[in-house]
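Pasting the structures here.
Look at the two complexes coming up: subunit A is in both, with subunit B in one and subunit C in the other.
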Partner chain A sequence: MTVLLERLGARTRRVAGSFVYAAGFAIEVARQLVLFFFGKRPALRVLTLQILFTGVEALAVIAVLSLSLGAVVIIQGLSLLPQFGQAALTYTVLVVVITRELGPILTGFIVAARSGTAIATELGTMVVNREIEAYIATGVNPIAYLVVPRLIGVTVSVMLLNVYFNVFGLAGAFFVSRPTAGVALWEYVTQLGAVLQVRDLLGSALKSAVFGVIIALVSCHHGLLVEQSSTEIPQQAIRAVSRCFVLLIVVNAGLTLVYYL
Partner chain B sequence: MRFRIRFSNQIVGLFVVTALILVVAFIVALGINQRWFEQKHEYYTEFATARGLTPGLAVSFRGFQIGQVRSVALTEDDTVRVTLTVSDRHIDRITEHSVLQLQTNPLGIGGGLVLHRGRADADPLPPESLIPAWGSARGLALRQEGLVEVVAEGDIINELLDELPVILANVNRAAASGTDLLEQLRQMAAADAAGPVPDFIRNADQMTVELRSLLELASSLAENLRPLTEELRQPEGAVVRLVGPELDEALEKINRTLEHIEALSGFAAGSTPQIRALLYESRDALETGHEVLHGIRNNPLIRGGIQPREAPAPGFEGYRPEEF
Partner chain C sequence: MESQATTHQSARERPALLRLLDVTVRYAEYCALDSVSLELPLGVTTAIMGPSGCGKTTLLRCAAGLLQPHAGSVELLGVDLARAPDREVTRLRRQMGFVFQHGALWQNMTVRENLLLPLEIHRDELTPAQRRRTVERIAERFDLTHLLHLRPAQLSGGGQKLVAYVRATVLQPRVLFVDEPTTFIDTQAAEVLRSDLRRRIASGCTVVAVTHDAELTALMANRLVVLERGRVLINDRTERVVRTGEPRVHEILRDVLSEAALYDQDILTLLDAGLATDDEPVGHDDAGHDYD
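And now, the complex of A and B:
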């Protein structure tokens, strides 16, 4: 019984300690983020490269995925909803699926799987190679130089990829509805514009921004958790990705709940 | 250095700018499509309940959306005030005597407020004015006076439900008229009333009493006719049932007699050869006797002998050949 209590206490201390560390890490990142915008930007090059790796290089995957998804949604909607006399709801379903829900979450998943692991691995490798200590020794704040550009880069990339996801998804829906249902471009745009609201776009942008922040923070945090051994790097990378997925799903549910309140 | 790294700034810039252009295009298209910058005019209407009424609900005219519900609020006098906006392009369609009809879908989706405008000669209705609801007293009066151009746009159930208040009002009015008429008749039928109508009503009362006695008599007759009808419905008639046993007995006797005759006929038919042979033999015996008597008469010893006999033609051909 005593052993059990000891283990429980130790576990609680570890979890609380890691939580406190993560909170402190987030606060320091926020502080450096403010300084990034209002001070000199030595890490601008890092930011550009981060957007290149996270955003531009993921565009092809996002395009294929969203085109296919939009086509599938419009096919299902056009075949199912007219049976209930609700063909007009096809566009509503399209907006709900592509813009509100799947756009941000799928973009987040793809970025977490691609860039989250990359960030965690890169930072972990830098820790193992003592590069972080070298930055500190030369007076460069590793949070300001390594984490903040990645945070901004991943967040901006996820938001922009979400825009592309919406464009390609809605275009894919049109490309399918045109030959199958004979929907003209102007009719499609008019019908879509009648159901698409600005708050849908804002909600989608907000979600993707939050997801980008989560992915960047979690990945950087786990990358910097590597201490000495290179064997810790893949472990932390896997933890980073799995934790990103869980957090994305939970936060998505919370934001959707807030949206409909 | 790789191309992508070397021109990373340009590539990222293009990536960002393209996305921003797409976002702006999205928003501009939405604005044009939803006419954000068009002037809108406000009207209001009043409903008894807010069921089916939500902000953003479409206001349509002949199937085209001309506005939308801005707010739904409960007033201090317990009516539901619905504020709606109509776009500037359609303001001329809001005329005096217009009414708004709430159409809901049984599935809870779709629906909206449908505008039925006043007759063509009606004046435009200024903004901030009340547009009566379809089922309200004012809306009902406008429709009954024929001042509204009613265009059926909903399904049949909704139309019936919408017409229900009118139907009930008509029924109520008819019932009230019937009550008044009965009251007037009651007053005229009073004992102290005079005149042709009261006399007629009193005579009608006496006639009713006589008619009732006649009906009672007819009822008793009908009671008597019922068993007779039942008897007549039986498959065998009354005559048959009255003489049935005697007739059966007589028929039985006749049947037995016929059986005896049949047996006798059979016996006679079976004995015919014997009888015929007997007759032949009897005839032969008689002829022999006749010949004997003739021989005796013509006996040479006595008189001239016996004459030769002619064979007689058979009068009856037997069943068997003669050789047999």
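And now, the complex of A and C:
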């Protein structure tokens, strides 16, 4: 019983310690983020590279995924909803599924899988190779130089990729609805415009921004948690991605709830 | 005991470069530094020696504020790096360089970018063209011009080490921490490096080196710190260490130095030959004024 209590106490201390560390990390990132916009910005190159990798290089994957999902949603909508006399809801379903839900969350998943692992792995490798210490020794704050540009880069990329996902998702829906249901382009655009509200677009943008922040912070945090051994790098990368996925789903549920309140 | 007395005497004579008080560092269950208290004066070249795994690199990282000890305090040039405000730490970093054992070059940058970054951070009064010219001039001195466009991974171990040394010294630091500066590099490059170190020491740069290089130690170290199992065995002037009655110190020096370089020479005789003589090199105080 004593052993059990000791273990429980040790585990509680460890978990509490890691929460405190994560909170301290987030506060320092916020502080350096403010300084980034008002101070010198030698990290602009890192920011550019991050947007290039996270945003530009993910375009092809996002395009294929969103075109296919848009097509699937419209096919299901066009075939199922008329059976219940709700054909008019097809476009509403399309907006809800593509714009409000799938756009932000799937973009978040793709970025977490691609860039989240890359960030955690890269920073972990830098820790093991003492490159982070080399930054500190040179007088460069690693949070300012490595974390802040990644935070901005990933957030901007997720937001832009979400817009891109929406455009391609809705286009994919049109490409399928035209040959299958004979929907003309003008009719499609008019119907979509009637149900798509500014609120939907803002909600989608907010979600993607929050997801971007989560992915960047979690990935950087786990990358920097690597201590000495290269075997810790894949472990932390896996933890980063799985934690990103869980957080994205939970936060998405919370934000959707707030949307309907 | 003798070493502590000398340490206090040195502290009265010249400003302290480094003060470690009861510093303990643990890696899981392993104690790398065990309540180490140490004071090194400014303007004195110090060599830290000891068998593998005795805590030399850990001591150097603590001294430079790169590793937070689990207990104890570290002051570099009178500043507690763990508690000082950012601006103070940046000011201090501008004055120090650190050469890592394995180079620690930034792999996602070219050699040129590795050398440019310290200038971009600390010499913003220079135009980008002036910074580039500075890097090219220094690279030429070390015969690195042909490597400037390469990534660190494309360099040999020795090349990386040399670039790491140049990166650490590109800002002309007052204090230079070097971890095994001459390992992995060929004889010619080692000589270039030694000669540059000599020039820096002569112009007032304080060097603290972890080294197994007998020649380097003999030529430059005015002070030796010998570590064993995370504890300081002795911290004194080189000639006093060489003449100490402690057989364990002799044993370690013989092992460490001869293991690395000179197999057939009597290392202690070399050290004792007066190549590294007095504890009185040229130095300067915090304001940068020369003192004797």
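As a working rule, the second predicted complex is superposed on the first by the 261 of 261 C-alpha atoms of A that agree within 3 Å, B and C clash if a C-alpha of one lies under 4 Å from a C-alpha of the other, contacts with A are read in each partner's own complex, and residues count from 1 in each chain.
Heads up, the rule we're going with is that a residue touches a chain if its C-beta (ideal position, glycine included) is under 8 Å from a C-beta of that chain, and two chains touch if they have at least 3 such contacts.
In this text, all values refer to a predicted model and were calculated from it rather than measured experimentally.
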| item | value |
| --- | --- |
| First, second, both or neither for A:228, with subunit B first and subunit C second | second |
| Touched partner set for A:18, first subunit B, second subunit C, both or neither | neither |
| Subunit A residues touched by each partner, larger count belonging to subunit B or subunit C | B |
| First (subunit B), second (subunit C), both or neither touched by A:198 | first |
| Partner chain in contact with A:180 - subunit B first, subunit C second, else both or neither | neither |
| Which superposed partner A:79 touches (first subunit B, second subunit C, both, neither) | neither |
| Subunit B versus subunit C as contact partner of A:134, first or second or both or neither | second |
| Intersection of subunit A interface sets (partners subunit B, subunit C) | none |
| Interface residues, subunit B side, partner subunit A - complex | 4-5, 8-9, 11-12, 15-16, 19, 22-23, 26-27, 29-30, 32-34, 107, 109-110 |
| Subunit A residues touching subunit C - in the complex, by the definition given at the top | 40, 42, 122, 125-126, 129-131, 133-141, 228 |
| List of subunit A residues in touch with subunit B within their complex | 48-49, 51-52, 55-56, 59, 84, 86, 88-89, 156, 160, 163-164, 166-167, 189-190, 193-194, 196-198, 201 |
| Residues on subunit C engaged by subunit A in the complex (per definition of touch) | 27, 61, 64-67, 86, 89-90, 93-94, 96-98, 100, 102, 104-108, 117-118, 120-122, 124, 167-168 |
